[in-house]
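Two complexes, one shared chain (chain A), two partners (chain B, chain C).
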Partner chain A sequence: MKKEVYINSIGSVSVQKTFDDSAFLEDIVTYNDNAIKVVDPNYKEFIPPAAARRMAKGIKMSAVSSQNAMKEAGLENVDAIIVGTGLGCLGDSEKFVRDILDNDEQYLTPTRFIQSSHNTVAGSIALDMGCKGYNFTYVHSNLSFESSLWDAKLQLATNEAENILVGAVDELVNHHVETHKFIDHIKKEAVPMEDVLNSGTKGIVFGEGSHFFVLSNKKQGSTYSRLIDMGIYNTLPEEKISETITSFLENNKISISDLDGVILGNNGDVEFDSIYKNLGTSLFEENPQLVYKHLSGEYDTASGFAFWLANKIFKTGKVPEILRWNNLPINNPKRLLIYNQYRGKNHSLVLLEKC
Partner chain B sequence: MSELKQELKEKIIEQLNLEDVSVEEIADNDPLFGDGLGLDSIDALELIVMLDKDYGIKLADPKEGRKIFESINTMAAYISAKKA
Partner chain C sequence: MNRGVAITGMGMISAIGNNVAENFASLLSGRSGISKITQIKTVHESEIMVGEIPLTDDALENTLGYAHDTYSRTPLLGIIAAKEALAQAGIKDVSDYKTGLISGTTVGGMDKAEEYFYDYYQTDAHWNHINGLHAGDSTQKIADAIGLTESFVTTISTACSSAANAIMLGARMIKSGELDRVIVGGSDCLSKFTINGFKTLMILSDTYNTPFDENRKGLNLGEAAAFLVLESDKVVKNENKEVLAYVKGYGNSNDAYHQTASSEHGDGAVLAMEKALKVAGIEPKDIDYINAHGTATPNNDLSEGRAIIRVFGDNIPEFSSTKPFTGHTLAVAAGVEAIYSVLAIQNNIIYPNLNFKTPMSEFKLLPQTTLKNKEINTVLSNSFGFGGNCSTLIFTKEA
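This part shows the complex of A and B:
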């Protein structure tokens, strides 16, 4: 018999002060930019200085968010660590390649190479907690986090593991921003936070963040929600999206009207936000709609922020006004659907129910 | 020699990301490894590369590094001798 999958704890470092668990988007960090960095916690409280000096930004952020998630779950160790990242520790990868070019392939030092691989984050966390279990990193563009979630869900449902630490992390690096501005995937102009989602220009505001969760097949006092189901679709023609979502919900014996809200991945790219807007005026017309990428920025694992957000909403029963996309009332929601896509590809659905 | 020692301290802090250490905190005779600055084997590799890249000195036998990298004094003496 398949077991249920619960989200027992959360941890996040993002452009907002999400590392502070005592508040929930009460003090919004605003910006006027096209690339936005996380609010740094005091890393020294989480990482010994000798270790921190070699750590890439993605590892530092993840040390904080994973430790917070583990602490809340009341665990010292887990059966598996699964991390999703689109770009890995790209900052050190860039530096390493730059060293190769600048030094004519001579004088290469180990530190940047050690830190530059995609699986550095999952590996570092495992080393820190002494976890010798399953350790996996999914690098699937903007389905990286969902792929990790999927793997964890399957392992927990079939009782192959009891507690799994699942993460989503990506860091902002200048070269990536510059090249993506050049091809209009990142906005060329600075945009104030309040205008991002209605900017009417091509590209996104790039962000970064790290979000970790302990998923378990055992419910406990700290449990936030139950992962009812999820879906991943690499390619999905726009005319098939409504039908796919409806079918996904029907498979779970849920109708659109049973959803207390939908969390949409609008990112302000005039070329692709029409997908969300069309759903908002058709399939989800009667549902309260929430958006978040004006707060988090867009990056491959930004949907990890949405996952954190949904769970935080369940726990607090509050929906901050800054998340509201339409005016339909939403109060203490019990069931939320997260829908995400990037540039019309890699669609994902995550259905959560409050516990 | 004192200029070289100052330069070495600055380079070590920058290249080994010793964010919490200032030049003034490194005494010329402080051990760089172990109880002193607490550098490790990866740092030793970084120092070998630094000698080669910045001073044109190749360590043929990495075991030599143990004595050369004992302190700022020993590093400066080794570089000065090689460049003389």
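This part shows the complex of A and C:
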């Protein structure tokens, strides 16, 4: 008998003021840029200042979002820590490479190398918590977070674990932004927030963030939602996307009309947003459609923001106007589907139901 | 209940051979692949020894029929190993069953990223590598090369235990029925990034690595790719597949002690071994051979040695580290050693722990130092990494 999988708590540090759990996208941070950084919380409340000084930003952001998630779940420890990150603490990797090249491989110090290891966030949370349980880090581009969710679901459903801390983190780093502008993966021009999703230009506005959640096979007072099912596909020809989503829903005995809304990964890249737009005028025509990457920026684990968003919508029963992509009414939704892909690859489906 | 998951194919490339057969021949003849570095220009070339694959990127690309400068070395090595594994498993159409790919890597495309770090600003000649730094990009390139589409493909990076965790996840995916077949392992190439990183940690030996020796001076970095094909009982039965061995047990834990060092008494390692034994449903006495992590750093071998004593007590089976053959191949170490474990089971043989002379003062552990024939039914293989990541796999002859 497989167990149900619940989302019992959330924690977020993002380009928006999401670290403050008392509000829900009420005071929007706007920009006119092509790379946007997180709103820094007061890290001192979470990390001793001496330790924070040399700490990679990904570790710092994750200290805040993971501690908030643990606190809300009312837990001191968990059975497993699973983190997804496209590029790890890339800032330290970039600095370490720069040091190697600029100093001809001399005068290097280990901190930057240590923090470059992709698993440094999962390791440092385990160290702080004294968690000797299962510890994994997934690094598969924009399926990094989804791979982590998948693993957690597998363990919780089979009762191999009861509480799992699942996270998603990526940093904004200048070298990465500059080089990806060269190849039109990041927009060359600055774009105001309100225009990003209709920019009509190639590339995305790059962002960063850290999102953590406690997933459990036990429902409790703080429970937000139930993870019904998810799908991961490394490639999908465009003509098969609708059929894949339909059969995914059928497997869960759900029809398109049972969805109270879909959260789409539109990121304003004119070359690939047509995938969402085509679905929006066909398969999802009758569904309220929500978008978020104009608020979060695009990065490998931006779908962590979508997962945070869905749960926040369930808990508050509110759907902020700024998320709405079409005009269909959406009130107190009970069932949401998150669909994401990046540059036509690495497609994911996450189906959540309010608890 | 505790039935193992079938292994039906293996493929690899390392410093001691370009395929599984060459690797096995080197293990039998005691031929180490440790040498001076030739493929990377580094100021440390006179101070370090490495387990390098003695082929240029061009030679690898020629083997695969790719143009010059197509990919980073990580996917090139990975594609070679994955193709060999599929060939051995007799798989012509990778999509005829629900198939996944799970790869471990630490560097991804760092070799190209560091080479062209400033060059990208000068010319567009190497812009094809800009998006290749992603660890996941190397895995997707392997998926493309073997024709795996619309499938579960992911990448794990838990430092030097990555491939162990890829094998573990793969076995869990088969057991839970999520997949019928999964290709698991890893790929990591040498880079200035890792050479200098380990250099700053002062754990690189300037000579041949000597695991479990009192006078060990550190590790030799290596590079490799290794993949195994795991298949469900249904596929094995339908296709009448020859099973090479089984993944019987797996355990993962975190040492939660230090970002880069292992705890003095190997708490994480003990937990990983105990979990693996529990999943396998067997006792320590059932293990015929331990393929140790044995990196030859002062810290690892002491911590792992103590952990082995804690788990096995007075009845420690023959154990050895094969790192003196291959060097420490980082993310792939557990993939390389999984294949060596299966070969040990198939051929009833234990590999020598080369270069061992003096027992460590802290305990009386003596690794197996000569090639030994022995009935091998069960092998335990350890892999530990930065971030406190500890993983153990158990392989068996019977399901």
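As a convention for this text, the second predicted complex is superposed on the first by the 355 of 355 C-alpha atoms of A that agree within 3 Å, B and C clash if a C-alpha of one lies under 4 Å from a C-alpha of the other, contacts with A are read in each partner's own complex, and residues count from 1 in each chain.
Everything that follows uses one rule, which is that a contact is a pair of C-beta atoms (placed from the backbone, for glycine too) under 8 Å apart; a residue touches a chain by one contact, two chains touch by 3 or more.
This is a predicted model, so every value here is computed, not measured.
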Inset, instruction - Check whether A:His180 is in contact with chain B, with chain C, with both or with neither, and answer first, second, both or neither. - result: second
Legend entry - First, second, both or neither for A:Arg54, with chain B first and chain C second: first
Inset, instruction - Could you say whether A:His118 touches chain B, chain C, both of them, or neither, answering first, second, both or neither? - result: second
Inset, instruction - Go through the superposed model and pick first if A:Pro110 touches only chain B, second if only chain C, both, or neither. - result: both
Inset, instruction - Would you sort A:Met1 into first (chain B), second (chain C), both or neither based on which partner it touches? - result: neither
Legend entry - Comparing the two partners chain B and chain C, which touches a greater set of residues in chain A: C
Inset, instruction - Give one of first, second, both or neither to describe whether A:Val139 is in contact with chain B, with chain C, with both, or with none. - result: second
Inset, instruction - For chain A, give the residues common to its interface with chain B and its interface with chain C. - result: 106, 108-110, 114
Legend entry - Residues of chain B touching chain A in the complex: 16-20, 38, 42, 45-46, 49, 52-53
Inset, instruction - Mind listing the chain A positions that touch chain C in their complex? - result: 81, 86-88, 93, 96-98, 100-101, 104-106, 108-110, 113-114, 116-120, 122-124, 126-127, 129-141, 143-144, 147, 150-151, 154, 157-158, 175-176, 178-180, 182-183, 185, 232-236, 240, 244, 300, 345-346
Legend entry - Touch list for chain A against partner chain B, complex: 49-50, 52-54, 103, 106-111, 114
Inset, instruction - Sort out for me which residues of chain C touch chain A in the complex. - result: 42-44, 101, 105-106, 108, 110, 113-114, 117-118, 120-121, 124, 127, 130-131, 133-137, 139-140, 143, 148-159, 165, 169, 172-173, 176, 178, 192-193, 196-201, 252-260, 267-268, 271, 385-389
